[in-house]
Structure formats: structure tokens, C-alpha cells
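First, the structure itself, so that you have it in front of you.
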Amino acid sequence: MASDEANSKAVDDAEQLVQSEDPQHPSNLICELCRKFYALGWVTGTGGGTSIRQHDHIFLAPSGVQKELMKPSDIFVMDFNTKEYLRKPSVLKPSACTPLFLAAFTRGAGCCIHTHSQWAVLVTLLVERDFGQSACFEIEEIEQIKGIGKGRGKVGNLGYHDRLRIPIIENTAFEEDLTESLEVATEKYPDTYAILVRRHGIYVWGDNVHKAKTQCESLDYIFQLAVEMKKLGLPWTTRASEISDI
Amino acid sequence: MASDEANSKAVDDAEQLVQSEDPQHPSNLICELCRKFYALGWVTGTGGGTSIRQHDHIFLAPSGVQKELMKPSDIFVMDFNTKEYLRKPSVLKPSACTPLFLAAFTRGAGCCIHTHSQWAVLVTLLVERDFGQSACFEIEEIEQIKGIGKGRGKVGNLGYHDRLRIPIIENTAFEEDLTESLEVATEKYPDTYAILVRRHGIYVWGDNVHKAKTQCESLDYIFQLAVEMKKLGLPWTTRASEISDI
Amino acid sequence: MASDEANSKAVDDAEQLVQSEDPQHPSNLICELCRKFYALGWVTGTGGGTSIRQHDHIFLAPSGVQKELMKPSDIFVMDFNTKEYLRKPSVLKPSACTPLFLAAFTRGAGCCIHTHSQWAVLVTLLVERDFGQSACFEIEEIEQIKGIGKGRGKVGNLGYHDRLRIPIIENTAFEEDLTESLEVATEKYPDTYAILVRRHGIYVWGDNVHKAKTQCESLDYIFQLAVEMKKLGLPWTTRASEISDI
Amino acid sequence: MASDEANSKAVDDAEQLVQSEDPQHPSNLICELCRKFYALGWVTGTGGGTSIRQHDHIFLAPSGVQKELMKPSDIFVMDFNTKEYLRKPSVLKPSACTPLFLAAFTRGAGCCIHTHSQWAVLVTLLVERDFGQSACFEIEEIEQIKGIGKGRGKVGNLGYHDRLRIPIIENTAFEEDLTESLEVATEKYPDTYAILVRRHGIYVWGDNVHKAKTQCESLDYIFQLAVEMKKLGLPWTTRASEISDI
């Protein structure tokens, strides 16, 4: 019976991790973000996902759910140090993106967003065709570039004359197998806040929810613009290409 | 008077088939889905439709109504075994899609969605022009393919390296006349959860509402991407074409 | 003072023409439709308009207002027989579309919608370039054609194998000057429920609100599809062109 | 303590500048407009901004916030004569667009809107490629042109046969550095209500909120149409080009 009581207390504690009246609580924020992302076409079907780190707690949207219908009770919570689940909804599966979200948190992120945005997918296809499989996406002299931070530990955002570079990694059969190449790419591009995944989508992170979300929006804006520029025969860069391997 | 009472009871019973406080009740779900589908451009005008099977009851959206304005009282209910209507709103016509929905339910579906999505229509036109009238739509190595199940009775979803094939049938003057060719196509492609109809739209089904809806979204995402790829001169398949007759 | 009382009663009567708790009342319907049309991009800026006939009362959206913010108190009411305003909001201007709406009502319509839809405008430009200024828009073998009625006094809708023809008239400096050519075009195409206006938009009507709105949606769907088909090099008609003057 | 009381009163006064139950109050209007502009894709990320002048008070959306989440308490208020802030939220930064908004107010505007609309950006790129860096955007014979005013102090709007000209200025590294060239362009085009900024977006103003917003919508409609026309090979002007330097 003591054991039953302890179990019951553990369940209560786990519930309190995700239930809050505060709209800024991570489990409420994840649900609100996912509804917004569904409207933007970023998490169609059950694709994409979002995770927030608050102190040592990682809040994760589950796998295989309709993102616009998510409730706080669907959220997984993991301990950042032990990587053990503090809360695991019994009927749901954890997201296959979890190791990729953890890689972003290890690099200092407070929030990480994964989308299947069609603009991101088309950009990876266009780069491959025009510059080769190992190239990254590059664009310059678009005002919205100023929506992207200079890099971890650096103050302020990119300038209008800075070239934006987003590395592209190759897709794999299983999402968790992207982790290693994501880490390699972020070592090669230490200032990046995003990794494109060929034929798949993008991972975008930021110091906090505000920065992750606005950087994800700014990048999606730039990818959409870049695709429209290609349709109209307009070049992405005006200076000589400096496309490099990753 | 006994007869009047019996009639009155029958009407009450029929009403109870579609009136429920439970948002998960099929007649509430159909109305909510149709509002969503209207916003997605799938049921413009009075096009498209949705049907849910619950045990031996088939719930059907009516013909000729504005789908975003539908109410539970507009829903038809049919007995799956006798194919007789248990509830038939007197001022409305049953959907011409009914025999196609029934064909899906006979194949084990729990929900079937019919859309007039423009991306689906454009894909059928592009396949006809590039591969001939008897070809099916084929694409591979797009992450969203993983949103589609492997097939009835099979566990899990398609993989990233699997080629997605959706058969295309020719349109007919009357929607109900599509039934036979839909059945032929599903015999030839026993694992498919969807049939494209040339110059018309698509039928998508799934074991339950969740699966039908997320598969329909995933396919629509893929069709939109495929149309954009064509505009940009990007091929749908990288390996040698294996286009086959249906 | 008797005159004051009479005036006050006249104002009260005029107010009652547009104030109703019934969501199906024309002044409530016009506001709801205009909000929907704004979301569809049909009445951007202050463009477009809508009018409903109920018995001998014509309800008209005013000129120059933000259509998504319209209130019943903004609505004009005209007597169909005398063409005199029964209600005229003092701070607003009547719509320049009024004579065109009246032309539709004279032809038996119960509701008429005018949009500046970009798909309609692009279709008029494409027809002019490819077929000449006097041609009408023609398309065939698209399922959504079945959303358009056969014509005034005829039972039922166009079939899948029927060719849809929408006459195009030339734009004029002043909207009211379109009336004569709209009437000429409807005499030449007596079965049409819509007139395209070159570089301007479209007028669509129907026997009632339901039919006008769903026909307008079906046509807009077809115009969008037609523009996308042009981008992809797909022809609008498969049989020999029968383009004719209007 | 007298000083504390004075401080406390000053804070109260500042709060009253932005807190009102009236939906037409500038601080409420700015928040409502920004939510609408977010839905239109005009203020993605934290881009774009809006400002309203009411008598001698200038109400300004802050820099770096998610525009769809803005609250009246986020609004800056400046005295138009002294250019000093009457209210300055301590945790927020004033918009870098402020000098550009002030330039519009100096020219008599009551409201000024800055968007990063992709259609505006694409139009500036297309003009540069086809007509050279110093050209302005020109289009004619599109009905929606009638949504734009003739110019400050002039009565009425442009006509269908008038050519719409929107000057384009070159982007700068810092937004405030656009002010001088904006002023030069408005001197050269004294009737314009808008200035395009190459690779950046647009500034649109009007005598009041209604006119600024509907002119911004009409222009965005025209830019989107112009981009689609380019994709379809349709020319923006039918008469001989009169493209001129600014």
C-alpha cells in the first residue's frame, strides 16, 4: 500500500509537470505553437514537432498525433541530465526527433522546432540540382535575413549585407539517424541556428521560444521567397558564389 | 394513433443517431472535418464529402450543401448490412459518393474522405501528359511518404525509400459510375489507401478518422509539392521509372 | 411636430429593414458573406460587393468600406420596383455596382456577388492573349463544372462533359458603364450565371444566396485551376476550340 | 516623496495613453491591425510595423516583437512636436522605422504601415532586372488601381486608365538610413502614398487608418497580380513604357 501511495504521488507529480493555468507554461506553449504551425502548413499529417527546455526539463510533443488537436496531457517530459522520462503518456509514442532536439539543447537552445515546410524541402532540391549534393543554402541582401541571430554567444542579428548560410544534411530512413550528421554540420557551421534536411524539412532552434519561433518564421519566409525567385529566374546571390562543402 | 406513436418513436430514434454532446460522435466529427476541409480548399462549392463507419452505422455528409455550414441534423445514416437509410433528412439528397464510400468500408475502412483538391487534379493531368492515361502517380524519397500506411492488415507506415504509388482512374459523367473502376484499381493495388480520379479529385480512407484525415493531408502535401517540383523542373522519381498500367 | 413624428417613424422603419436577430436575414448574411469573401481574397481593399434580393427589397453592401468590418447598419435597402432607396446610411455611398446587381435581379437572381479575384483577372488576360479580345473563357472535363447550373429556368447543373463558357466584357472607367455590355453578354449567353470583366473581376449570381455563393466558389476554383494549368502547359480544352465572339 | 508621487502620476498618465476600452483607440487598433497583417504574411518573424498619429500623439508598434501577440502595453507613444517619448515600455526597443513613419506624418499621413510582403520584394527585383535599378514600379488598366488615392490634397482616387507609379528606393544596412531617400522619392513623386524598398518591403500611408490599410491591401493585391503576370508572360503596361529615374 505504501508502494501504491508512492505510485499515486509519482503520477500526480508527473501530471503537475504539464498542467498549468499559465499560458506561458511550456506544455501550453507547445500546444499553441503546434496549432499555429498547422495553420502555416509546417506540421501537416502528423509531421514535424516542437520541444521546449525549461531548466532541466525537456517538454516534447509526441509522435503520430494531429498537431492542431494536441493537449497538454499529450506532452512528454524528460530530465535533461539523466535523459529519463519524467512523464510518458501511456498511449503515445515519444517523438523520433527527440535526439535531434537534445542536440540543439546541448548547444544551448531553449526551444527547437522541426517542420516539413514545403519551401524548405524545395530549397534543398534546388540547391542539389544547381550546386550539388554537398552544398548549403546561401542567400544575401534580403531584409528578412536580419531576423536571424549572428550565432550562439554572439550579440545581435545578421546584417543586410551578411550572407545567410543554412547547411543541408542528407535524409536517412530513420529520423534519429540524422543526429550525427546534424552534429557534424553544426560543428562546421557553429553559428547556425538551423539545419535543412534534404527532401524532408528543417530543424530551427533559438535561445528561447520567441527566438526559435521568429527565426523559424524568418527562414520559412526566405525559403518561400527563394523558390519564387527561382520560378522568376532571379538569382539568390549577386556576388560570386562561395558555395562550400559541409 | 398507435401508428402515429410508432412513427414518432422512429423519428426520435433517428434523431438520436446524429445528436450527441460528444465531440467524438461521428455526426459531430463529420461537421468539424468539413469545416477544416473547406478551409483547406478541398470541398469548395458543394464539392467533396466525408463518411464515417461506426460499427454497423454509416454516417454520410449530404449532397449539395455548403460543407463549412453543415450541422449534425444534415447527416444521413445508413445500415451497413442492409444498405438502408436509418435516417434521411427530408430536404436533402444523399451523396452521389455513397457507393464509393461503401466500397472503402467493405475494404475495412473506418472513414473515407473525398476531396476536389486542385493539387490532386493537377497531378492527374501531369501524369496523363507525361506518362499516359493508364499510369499511376509515383514519387519517392520525400519524408512525408512516411505518413501513409503500408496497406490493410500490414503493420506500420511506408518508409522513406519506398515508392508511393496512387492509382488513377478515369472520371465518369456520374459519380456513382466510378465505383467499379475504383474496385478494379484497389484489387490491382491492394495496399493503397487512396484512388485519384482524373480531372476530379481523390478518395482517401483509413482504419479510423485519425488515419483517414492524416493520410489525406499527407497525400495533399505530396501532390502540392509534386506540382511545385514540376514548375521548377524537378523530377518526381530519381530511379528509372517503373510506371505500370492499372 | 407631426412631421417630426412621421420622420422619426420613417427612420425607425428603415432601421428595422436591416436589424434582425435572424442570421438568415439578408443584412446579416451580407456581412457574414463579406467576411468570408475577405478571407478568400475576393474583396481586398474596399473592392467587390454583394447584394441580396428578398421579395421587393434589394439589400446592398455600400461602396468604399472594409468588407470584413461591415455591420448591418452599413447596408443600403432599395425598392426593386421604384428603384428608390428605402434606407440610405447618411455617411456612406451606394455601391457603383448597383445597376449591375439590378440587371442580375431583373434576370431572376436572388443574390449577386462581385469579386476582384485575381484568378478571374488572370483568366481574362490569358484569354485575351491566346484567343483575342472578343473571346469568352472556355473549359471542359473538370468535375467542378458540375457546380454550375444549366441556366435560368432549366433544371439541374452542367454535366462533366459540358463545356463551361463564361463571357468576358471589356472594363470601363466607371463601373456603372459596364451595365449595357453585361446585358448584351447575358442576351448572347442566356444560360450564363456569371460575367467576367477584363482586368477587373467577375459578377456571379444565382437563384438564392446558396446558389450564388457556391457558383462563385466553383468558378473561382476553376479559374485558379485554369491559371495553374497554363503555368504547367496544360490545355483548357481537349476538343477543337469553338471560341466564339460575344 | 513629492518626487515619488510625481513619478507615479507620470507613469499613470503614460499608461492611460495606451489603455482604453474603445476598440477605435490607436493602441487597440495597432494590435488588431498587426494580428491581421500577421495572417496576411506582412509581418513574419518580427518584421514590419505600424504607426498611427492622433492629434500630436504618435503611437508606434515596438521593434522585435511577435506582431500577432502584441498588447496595448507594448505600444510606444511619442509627442509629434518635440519627438520625445511620452511612453516607452522599459523592456522593449523603439522601432527602427520610427523616422520613416515620422516622415509620412510630416507629409500629412494619419497612419503608416510597413510590411515585408514577399510580393512587394519580388516586384522590386523584377523591376531592377527588367528596367534597371533607378526605375519605379508601373502598371495600368487594373481595376484595383482605383483603390489608391490621387495624392495628398487631391480629391478622389486614381482612375482605371491612370498609370500607377510606386517609386523604389535602395535598401540600406540600417532601416533609419532609408529616411533621406524616402524623402527624396516623395519629393519626386509628390502624389505617392507608398515607397517600395528594394529587397525589403514597402511603406504605405494614408490620411487615416482606413485609407492606409485599404491602400496597403490594394497595393499588395496589385503586386501579387504583377508577379503572377510575369510568371505567365503577361506585360504590366500595354502602352509604350515611360519608365523614369527617381
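To keep things simple, chains are lettered A, B, C and D as they appear, and every chain counts its residues starting from 1.
Operating definition for what follows: a residue touches a chain if its C-beta (ideal position, glycine included) is under 8 Å from a C-beta of that chain, and two chains touch if they have at least 3 such contacts.
It should be emphasised that the depicted structure is a prediction, and the values quoted were computed from it without experimental measurement.
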## Note on the structure
Most remote chain w.r.t. Chain C, using mean C-alpha positions, is A
### Summary
Per the C-alpha means, the centres of chain A and chain D lie apart by a whole-Å value of 32
### Query
What whole-number Å value describes the gap between the mean CA coordinates of chain A and chain C?
45
### Task
Mind pulling the residue numbers of chain D that touch at least two other chains?
231
### Query
Are the chains arranged, by touching, as a line, ring, star, complete graph, or other?
ring
### Task
Give the pairs of chains that touch; include all such pairs.
A-B, A-D, B-C, C-D
### Message
List the residues on chain C that touch chain D in their complex, please.
### Response
41, 44-47, 66, 116, 118, 121-122, 125-126, 129, 171-173, 197, 199-201, 227, 230-231
#### Entry: Residue ranges of chain A touching chain D (in the complex, touch as defined)
141-144, 147, 159-161, 210, 213-215, 217-218, 220-221, 224-225, 228-229, 231-234
